[in-house]
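The structure's right below; bear with me while I get my questions together.
Each chain carries a letter (A, B, C, D and E) given by its place in the written order, and its residues are counted from 1.
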């Protein structure tokens, strides 16, 4: 950001972009930080994790929100542009499996059943293929799109192999659309990543920050604020706080 | 211009009229059946009164001419006869306009029916931006005429003295015709629906003398079966073809009034009104 | 004659019945559009009208739905619409004038013509990709209102051009002839007679184009317009966000209060749209009333 | 009146004669205006070239890895799944996305063209002046509602409360609900532009037809619509183009399942929705998965171009008849 | 119609012409300076040849009439004189058209300049869809008029015999005028730019005799300073006002040809061509 020291407090502009699922956290932190340091302008965008990294590695942003770790080709792009960065864990996302509220026969599904439903080459078509006593209606499947962290995580822990999934389900990058879809479809079964629907949480939300930006006092201060005062905000906007150790590791990286 | 000379010319015209029509000019005509009649007709365009208290009876099977200076309301009057003015915003009419005894501005009257039976040729030629053929065939098509369409088209074009000039261009756009050709096309279009009354607003203004005479012949021919009302600036034309003539003038407030109506010979030779005489003699030719 | 007359009467009855039926059909079609709109508006109003307040309009975004406002987005939208209009209208009308009044009938004209129609069908997101490459990066305008507006202007240009061209085409040739005949130059004919006569149609194009621009989200997300912006733009090079992005984001948040905010945001957006259109509509009605004589 | 009156007005007012300098100035000005207007028109060519340039590099990269034959003939679209170990064989067949796009565009056209045209006829031929002045701008509001909002309207109202009530077997995401709402959105394009074209038809033509005993219907359909045909067709093309290019509504409501189907009640995915899904999702830029959007964008571009070349050709022939 | 009678009428018209113009009809006129001249002019609309090999010299400060049957190419010819046909797609011209010695279809000629100096009134009245005032003022505005605009408007409207009828409606839309009023408005519009040559395509066809006579008076007045070319169907009008007359006819293939040109008296009384005589005498009146 353009740095101009002024008065007692800090000043300058900090630009962030990236995943729209991390956005609520960054927004909350930026809002609170703004109250503390009114002369620092923090702006945040929602170009998606991929789009965010593209801009980040072009040197257009100071930090990048991500719902998955940075990939090799992205690291390479950053290296080509001489961008070095640090990774911070800021929260966990949830994983929930959901059926339509009007569905009165599914009370719980075992991991094995989920695996049979979702694995590549799955032969499950109707509910009765899962448990014979269930009705013969075919199941309508919903899930996040194949590039999302949630997808990676679900395939890894349920199917047992990352990225392995049957392809014939309705995929959307927008969790809210999935919720709408499942709510509107009696034979729906879907999974997505909102913490407030489940207890089981293990999916990272990350923030990447450019090293040279971190040398600027307002950016450093912002990240410090993110990892300390930001913690309660994570829960407030619907995610799960990362473990204490993760925050501590992060704080250690800030000069 | 010498008035006497002109009066002579008028008289001369009457002498040279086709003999079979001379009988129309006998006083017996007064008893002819009226087909269109206005009673105390007044017309407004918004706040402007264009016609005041026009009373006029158009006889069937005769030609009635409406003459008068520009802007006196001739077009307005003739457009009332088939409710063409309905389309102008702000137009308002008072009084009665009877067609075969029924008020065409009355309740329950369908203007579509009125217009099919009272055809019209407009002052400015207004062909459709379609082919010559389609222009003439349009009326027959919408009115569902039985019979060969191409025959109807050819017949109408021949009667309007246009056939020879356009027979090779029937599929060409009518807007590429000359001014006079467009005017004759509009006449042909009106004839093709065989109306009972034909209104013509200066039908010959864009025509050369040859075509004018042909159209006048046509009018006489049509008048054997139908009623014809023409608006014309050409007083010789009125004298030549009209059985009856109506003279309109503008009042002080520019509203149009009818100052004289009667058999053409009487209007032209022994007008009741001084103004008519002034208009006809003083400006004839 | 009487048999034919009777046949005609029968047909006339049928024709009139058809005409009445058709009129009803037309009314039905018109009501359909209005009904759809009414439904939407009622739905939105019911949900959002309670949230519309001065505070809502005059606050910056927040994670707390009840404190969040649209100040930055509203001003961003106003800035962007102003800039978009000032690029798209002159260029669009100019292009239409060129194609209708100046262009020779040659291959280049035909290529331009086809090309414009084609651009109308290019998805908005592709314009976003273009805007990012061209304005944000190549011209290094960064993610400014200006870059966003230029992208939007390119996006709506085909609408302005095509609508204006049709409006120009509808001006009768006799008007041009009359103007040329008194010694007007081509530009005088165009600017003083043809354009005024075509004005209502051009305004329709402008209304449709700006309507499209005000509701678009995808290309702005592509070029990287921001979302959390705690200030209003003070110049064309400032960073910005717009109402549809704010609405888009709010609709995809889980808390129901945010959906209420989204509805309130839509209400404000529609009010902006209506004020913008009202000016154009008043002008259009005035000119059309005259042209219809 | 007469000659004396004319003189009474005063000395003959003179028109300033043009000197050679002034003539040259005017020439220069006219030439400059011509140039500027040409540049305005040329902006569109420039835009197209820029779009092609931005799409081309990645498209070529994509076709370096995926055969163009497969791309055009494969009936499955399963991108990105091959990334991980044990994943499915990836498929890059554009046909499912193409069918989805065409399904939505055709459905939208079926809704918008008749409704829009009938509305235009109502406004121009039947409605009194004041009603037209109200209804037309009201309908135009439809074109300005954020497409995001319309997308949710499609999903939560049209799909759930209409389609699913009529066809209970339907999935919540379906092509029909997206098509209907896209259609509603483009109604004002058809109705407003067509109405303008019809209003511009001179009254004398209507009078000519009425005088032949035509009913209002006949005047409208046989005289006014043909005379305004060029404008009406232009509005259709613009509206259909917009439907093909529409993004947010289809992303939200049509589903995200690339099915090769012609059943409007199926869940599908359009090309535009796919581009959104990838570009706003988490796909790493520069990966093969990301490149697909350029290939899809290019396909869409070529497709609309073909449609337009054909329709321009047809339009050209229409106009020669009616001008 | 009796030819002798009509020839008499022609003669009569000449006797009654205003005395100051009678001098124009002396043979001395032949030596007058030519302002507009066509040499072997041929015109095509697409594949259709509308004019063939027209050669004609229009003298300055005189009135030249073009007469001939409908569709023979009169409008086409007159529209060539100020390059109005340029606007019609498919139009093509061959031969020369000289204005003050320069070919107006030649290189380096600015049609705008030509048109300012050669004004035109069209066959179909075509007012701008603007107010009456704006219609007349337009030419003065675009040509950089110095002085009071309202004076030029009033003056032009008075000369076109329209002032009294429209002085209260100057701000009203010109399309709401009657047909004849529109035609006079177009005349006023042409006069307002004070051109050197005035082309009039049937300027009086929509006018009543009063207005026609006024316009004819105006033409004579203007002819003292300018050249005037009129197209008319009204042969009496040609006889009354024109110093020179050109007669056009259609050839077999419908292309227009000029069959006679000369001083009006000679064309009307001792035509060189049999066809001219037939046309004038056979159809006069």
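Rule of thumb we're sticking to: a contact is a pair of C-beta atoms (placed from the backbone, for glycine too) under 8 Å apart; a residue touches a chain by one contact, two chains touch by 3 or more.
Quantities reported herein were computed from a predicted structural model and do not represent experimental measurements.
A.B. asks: So which chains count as neighbours of both chain B and chain E?
C.D. replies: C, D
A.B. asks: For the chain pairs D-E and A-C, which is connected through the larger number of C-beta pairs in contact?
C.D. replies: If we tally the C-beta pairs in contact for A-C and D-E, the bigger total goes to A-C.
A.B. asks: For chain B, which other chain has the most distant CA centre?
C.D. replies: Here the answer is chain A, farthest from chain B.
A.B. asks: Could you pull out the chain whose C-alpha mean position is farthest off from that of chain E?
C.D. replies: A
A.B. asks: Between chain C and chain D, what's the gap in Å when you average each chain's C-alpha atoms?
C.D. replies: Whole-Å distance between the two chain centres: 12.
A.B. asks: Averaging over Cα atoms per chain, report the distance between chain A and chain E in Å.
C.D. replies: The answer is 82 Å.
A.B. asks: Per the centroid of Cα atoms for each chain, what is the distance between chain B and chain C, given in Å?
C.D. replies: 49
A.B. asks: Can you list every residue of chain D that touches 2 or more other chains, as numbers and ranges?
C.D. replies: Touching at least two other chains: 26, 129, 152, 202-203, 215, 218, 279-280.
A.B. asks: Of all residues in chain C, which are in touch with two or more distinct other chains?
C.D. replies: 15-16, 172, 185-186, 221-222, 251, 291-292, in rising order.
A.B. asks: Listing for chain E: what residues touch at least two other chains?
C.D. replies: In chain E, residues 112-113, 116, 124, 143, 176, 193 touch at least two other chains, as defined above.
A.B. asks: Among all the chains shown, which pairs meet the touch rule set out at the top?
C.D. replies: A-C, A-D, B-C, B-D, B-E, C-D, C-E, D-E
A.B. asks: If you look only at chain B, which of its residues touch chain D in the complex?
C.D. replies: Where chain B meets chain D, its residues are 82, 84, 87, 89, 111-113, 115-117, 119-120, 122, 124, 126-130, 138-139, 141-143, 173, 186, 189-190, 193, 195.
A.B. asks: Spell out the residues on chain B that touch chain C in their complex, using ranges where they run on.
C.D. replies: Residue positions touching the partner: 89, 110, 112-113, 116, 142-144, 146.
A.B. asks: Show me the residue ranges of chain C that touch chain D in the complex, using the header's touch definition.
C.D. replies: On the chain C side, the touching residues are 15-16, 18-19, 22-23, 25-30, 32-34, 36-37, 39-40, 43-44, 90-95, 97-99, 102-103, 110-130, 133-134, 154, 157-159, 161-163, 165-167, 169-172, 185-187, 200-201, 204-205, 207-208, 210-212, 214-218, 221-222, 243-244, 247-248, 251, 262, 266, 269-270, 273-274, 277-278, 281, 285, 288-289, 291-292.
A.B. asks: Help me check something: in the complex, which residues belonging to chain A touch chain C?
C.D. replies: It is residues 13, 15, 17, 20, 23-24, 26-28, 30-31, 34, 41-47, 51, 55, 58, 60, 174-177, 179, 194, 196, 233, 236-238 of chain A that touch chain C.
A.B. asks: Considering only the defined contacts, which chain C positions touch chain E in the complex?
C.D. replies: 105, 172-186, 188, 192-193, 196-197, 290-291, 293
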